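By written order: A, B, C, D, E and F. Residues from 1 in each chain.
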Amino acid sequence: MASNLVWKLCRPPLFRQLASLRSGAEIRHFSSIDPPPENISRYPVPYKKDLPHDIVDLMEEVESKGGFLPNVFKVLSHRPAEFRAFFSYYNELMNKETGGLTKADRELIVVATSVHNKCLYCVVSHSALHRIYSKKPTLSDQVIVNYENAELSARERAMLDFAMAVCRCDTITEQHFQSLEEVGFDREDAWDISAITAFFAMSNRLAHLTDMRPNLEFYNMGRMPRDKNKDKGNVKGE
Amino acid sequence: MASNLVWKLCRPPLFRQLASLRSGAEIRHFSSIDPPPENISRYPVPYKKDLPHDIVDLMEEVESKGGFLPNVFKVLSHRPAEFRAFFSYYNELMNKETGGLTKADRELIVVATSVHNKCLYCVVSHSALHRIYSKKPTLSDQVIVNYENAELSARERAMLDFAMAVCRCDTITEQHFQSLEEVGFDREDAWDISAITAFFAMSNRLAHLTDMRPNLEFYNMGRMPRDKNKDKGNVKGE
Amino acid sequence: MASNLVWKLCRPPLFRQLASLRSGAEIRHFSSIDPPPENISRYPVPYKKDLPHDIVDLMEEVESKGGFLPNVFKVLSHRPAEFRAFFSYYNELMNKETGGLTKADRELIVVATSVHNKCLYCVVSHSALHRIYSKKPTLSDQVIVNYENAELSARERAMLDFAMAVCRCDTITEQHFQSLEEVGFDREDAWDISAITAFFAMSNRLAHLTDMRPNLEFYNMGRMPRDKNKDKGNVKGE
Amino acid sequence: MASNLVWKLCRPPLFRQLASLRSGAEIRHFSSIDPPPENISRYPVPYKKDLPHDIVDLMEEVESKGGFLPNVFKVLSHRPAEFRAFFSYYNELMNKETGGLTKADRELIVVATSVHNKCLYCVVSHSALHRIYSKKPTLSDQVIVNYENAELSARERAMLDFAMAVCRCDTITEQHFQSLEEVGFDREDAWDISAITAFFAMSNRLAHLTDMRPNLEFYNMGRMPRDKNKDKGNVKGE
Amino acid sequence: MASNLVWKLCRPPLFRQLASLRSGAEIRHFSSIDPPPENISRYPVPYKKDLPHDIVDLMEEVESKGGFLPNVFKVLSHRPAEFRAFFSYYNELMNKETGGLTKADRELIVVATSVHNKCLYCVVSHSALHRIYSKKPTLSDQVIVNYENAELSARERAMLDFAMAVCRCDTITEQHFQSLEEVGFDREDAWDISAITAFFAMSNRLAHLTDMRPNLEFYNMGRMPRDKNKDKGNVKGE
Amino acid sequence: MASNLVWKLCRPPLFRQLASLRSGAEIRHFSSIDPPPENISRYPVPYKKDLPHDIVDLMEEVESKGGFLPNVFKVLSHRPAEFRAFFSYYNELMNKETGGLTKADRELIVVATSVHNKCLYCVVSHSALHRIYSKKPTLSDQVIVNYENAELSARERAMLDFAMAVCRCDTITEQHFQSLEEVGFDREDAWDISAITAFFAMSNRLAHLTDMRPNLEFYNMGRMPRDKNKDKGNVKGE
């Protein structure tokens, strides 16, 4: 079935990694049988039983791998066809394995541009992902307040300067590309930075429309150095 | 093949309609054998022979139906996977046949928000589509300069006020929805308005990245009242 | 009579040129006997019979030469004394035959600064004049959306950068003049650029006050390459 | 001669009143034989001997009536034809004797909008005129800092709110006119407020271009209550 | 001694409370013998041995009570006299025991206004204090991104609306006070809200000057629900 | 008593100097027995009899030395504890006798930043002080309208550029310090500039809260060159 095949494209390695990284202790499991939680969206969140199979399959895969289902899946499932397009695009940009951007870089772009757009959901969830991927527990908090004096490398700063120019719809000039090239990014990286910024320009606005609320789990994810022994226990328990 | 199936979803009724509307005389046919035109993108535009079949198929369908291939297809084909996600999403939002928004409404949203974002490609191409769908040859020009004093109905004005709030990332409140409801839009329409605005927030930024240039055809499309006789001929020819 | 003499100064070469350029076919003649059209101004538009002779004379000369009477003449005739001062100043700035600015340059300045000021009348009418003088049918549309990525020469770009600085009331410094000099403009040209920008800063605001509406003729003027045969006819008719 | 007749229209009652109001003691007379003072303009200021007679005649009348020649006359005489258009328009707007605006009202509009535009010349010179006409020596200083908490009447506040909307190129709506009507201004007054604002939008920009410097006399004019005896002496001396 | 008496006024109840609240486990003790840490200020941080006794006494009291010395004490000790004035004022505003504002309210005002001012130090440190006082571990993170859609009570929202008006230097009107009164704040509360906002307008700018860096302890403080048993152990350990 | 000792620190040399500078003739003495004047604050101004002795002592010293009591003393005495902290800090920053800033420099910083913040009280009172300290009667008026084209030295301009960066909460970088160093300011001067800017960021906001009105005396202070004979008389009279 078409929708099934769409989801073949959309293998969610992000969530797989999340699963292996997170400390089970700090996340309360969300039962897939529960009714939709209140107040995560201004729009109705469908019951799983009412959703197309491909969407339910994806949700369950994400939840089982990541330990909880990020609310963006629930909120956008109000429009299944748009849900498919959204996550297909998301997957393409955030989970690609080529190019000069690390996973932490991608998340940092999302954080910096989403805070410019005052998007609660994206800032809270992607700063969590940044903490996990970068293993820097405070950098995203700094970027949230002011990326201009955050403890960034010259490379990260040039990346965010470019992303912010795209975010603000500045007219992009050769000078912008040269600033990237000075720190080692080529034109394909520039496209990646821009496409992520552009996608979240969309995503931030959908979150504003729906008043999308971040899962509580995101607020603390990746903040604490994990206890070695505890981790071993978790691995066993999983 | 998966990509084929994606394109089944992406039936382009927009371009089909374009074809039936345009006055053949005012558009110079773009030959599909020609090399990519210069200066439509800052990034390389692939030759058709180097593109995946599904993308070429789509391009040829669009071109044969619409008379020319909008440059956005060429420019974004630099990244085939993102191309597929982009047009799949585009199709979902702009060509859906349900809800309270007319095709002209959708185009007007794109025009008003894209001019806020100073996006040459989207303003020029979607004001052309608006002229065709609305049969109002000057309204989009008015909206481009200042939608606040354009000759809009109260319904159109409320629609654009909402779209602009989303475009600017204002915090959306119940008051925003009530203003829509006063002119007959329900919450699903609000989602449609927002999703289009959000999608073009993305699209505008990709156009800035690539310095995407509109096809010359778009500038004049839909400006002239068509010659009755000529029209008859066109109808016959179809 | 004094007012007569004012109008001697105000020989309207602009409108004379317009007359020779426009394609008669695309303009519906406005009869000078007709009552004032509705909705071109928020203020009453006087009947010609109630206007001073010098103003009527000017209007008729403009209309006979240009094929239609731009609405700004009708709207501002609500205040005859200000009308005289306005067009006397306009004539001095826009029709002078000395200095480094071409007629197309002058119109481009008006377009770029008037769109910053969201002035529907001036953008629509002066982009029409720019199309005619420059014989570039799409450049003004580009400048309307974003002059920063329009297909401008370096000289045009420096001219508009200067005009925009004046338009925004930036503090003008020697650096501004040097940027002009690098592309061949001297200080007298700088004055011309500024005076035009300044005059339309005034004009734009009068248009906002009166909700001045552009004549329909302006929207399409200069867009179409003229039919050779038709042109011949026109040349004969002149 | 035409230019002579233009100046018949341009009877400068403003300067006549200035003359009768100012305290001779606080103003140093500027001798008409002196070379142009340095640093009042970025552009050359012509010697009187090189200026057309009508312009010299006007300057001498203004200087003899007002006690000194405001620098705007000297600076703009660099372009005699534009000088004539400028002062003809100025005279029409600022010296008209009809309508609901007092002379002090007109000056207050100039002060409030010119400070928005950061125009040194217009703020300093017209706040002086406001002090003289209004006999309120501190109100213009308050408006310069923040008209929103200046000691204005409701009528003055509504007038400045309207002027500022025009100054910023806000889209003017019926609501704007109603706010004026609530404090007694009709539509013709609205035109006057707007036309003055619009004219100084132009004037401010010309002052920025030329780096026009106010005469020292303006800074203190109208600040001090005049000594009765001294005044008598002045009247005799005139 | 005068300075001693100043510090009598400046009893630091804030830090005392901090001490009783924090979980010892999550804070690394800062030894008072250590050299100043690198990179907490752009200006030299004095050694304690070089500081006046009253300042050292205060620092040691704060550190012993709170478990660590907030970097603002170290950074501002570069200027002892200003240090005294700063903390005396701070103490007066943040530790007063009268009026309608809770300690959590005060911290929330600091967070919301400091994020507007992009002040890393104040946002990170005072969001920590807000988490502790409010026992709401996520509310300050929401306010940091966008207080307009944070999970605030109507009372908190009105408080922050007022604080933001003061923060932006809006002209404060009776309407502002009425909005506060509708949720139960009187004029003395309005003064408190404003004085805190005003003080941190100063504080934020000092932090920008010095590039003041928050202590690592602040980032996580108050995020985790404390383990009851662990707490008991901590109490014993202290 | 503690409060007494605080005021020992707060020796008001500023007001002492004011006293020796002002021309008695231009200031009406404010009797300390009078009730509080109306309309200098939105909050109640206490009677002296109800104020703590140390505050009354300070007020009387200031008034006897300076000839009148600036309204900021009256308005802030509504909160005696905050009054003490405010003036103690003020004294530290504005009256210090070390560093590279002259008294006129300090006042100029206050004027430029307070006008950005639209603070009537601070602009009017500190432009008066600037006129007196600098003996330049028009420079502050120029800075109020637009410091960018005021007649400033390069040193003053760099000083105000830095102050404005702090005022706007720009992220301060090494480049900012280098611009200061190029005109001879070191890092301690940079701190002074910033601390004054920061303190008045606070002060401006308190003035907005209270709608603090400047004493009439300030508007004209320092504008007139003093009459030598009159001055002698004043010196005798004091």
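Following the convention adopted for this analysis, contacts are C-beta pairs under 8 Å (C-beta built on N, C-alpha and C of every residue); 3 or more make two chains touch, one makes a residue touch a chain.
Everything quoted here is computed from the prediction, not taken from an experiment.
> Using the touch definition from the top, list the chains contacting both subunit A and subunit D.
B, C, E, F
> With residue numbers as the basis of comparison, which of the pairs E-F, C-F or A-E duplicates the interface of D-F in over half of its contact pairs?
Checked against D-F: the matching pair is A-E.
> Fit subunit C onto subunit F over the CA trace and report the rotation angle, somewhere between 0 and 180 degrees, nearest 5.
So the copies are related by a turn of 120 degrees.
> Using mean CA coordinates as chain centres, what's the gap between subunit C and subunit D in Å?
28
> In whole angstrom, what separates the CA-based centres of subunit B and subunit F?
Result: the chain centres lie 59 Å from each other.
> Measure off the straight-line distance from the CA centroid of subunit D to the CA centroid of subunit E, and report it in whole Å.
Taking the mean C-alpha position of each chain, the two centres sit 51 Å apart.
> Quick check: how many Å separate the C-alpha centres of subunit B and subunit C?
The separation of the two C-alpha centroids amounts to 31 Å.
> If I count partner chains per residue in subunit B, which residues reach a count of at least 2?
118-119, 146, 148-149, 171, 208, 211
> Please list, in label order, each pair of chains that touches.
Contact pairs between chains: A-B, A-C, A-E, A-F, B-C, B-D, B-E, C-D, C-F, D-E, D-F, E-F.
> Over in the complex, which subunit A residues touch subunit B? Could you list them?
2, 5-6, 8-9, 42-43, 78-79, 81-82, 84-86, 88-89, 92-93, 117-119, 166-167, 169-172, 187, 190-191, 194-195, 197-199, 201-206, 208-209, 211
> Would you mind writing out the residues of subunit B in touch with subunit E in their complex?
171
> State the interface residues of subunit A toward subunit E in the complex, per the touch definition above.
It is residues 115, 118-120, 123-124, 137-138, 141-142, 144-146, 148-150, 208, 211, 216, 219-220, 223-224 of subunit A that touch subunit E.
> Sort out for me which residues of subunit F touch subunit C in the complex.
Touch list, subunit F to subunit C: 146, 148-149.
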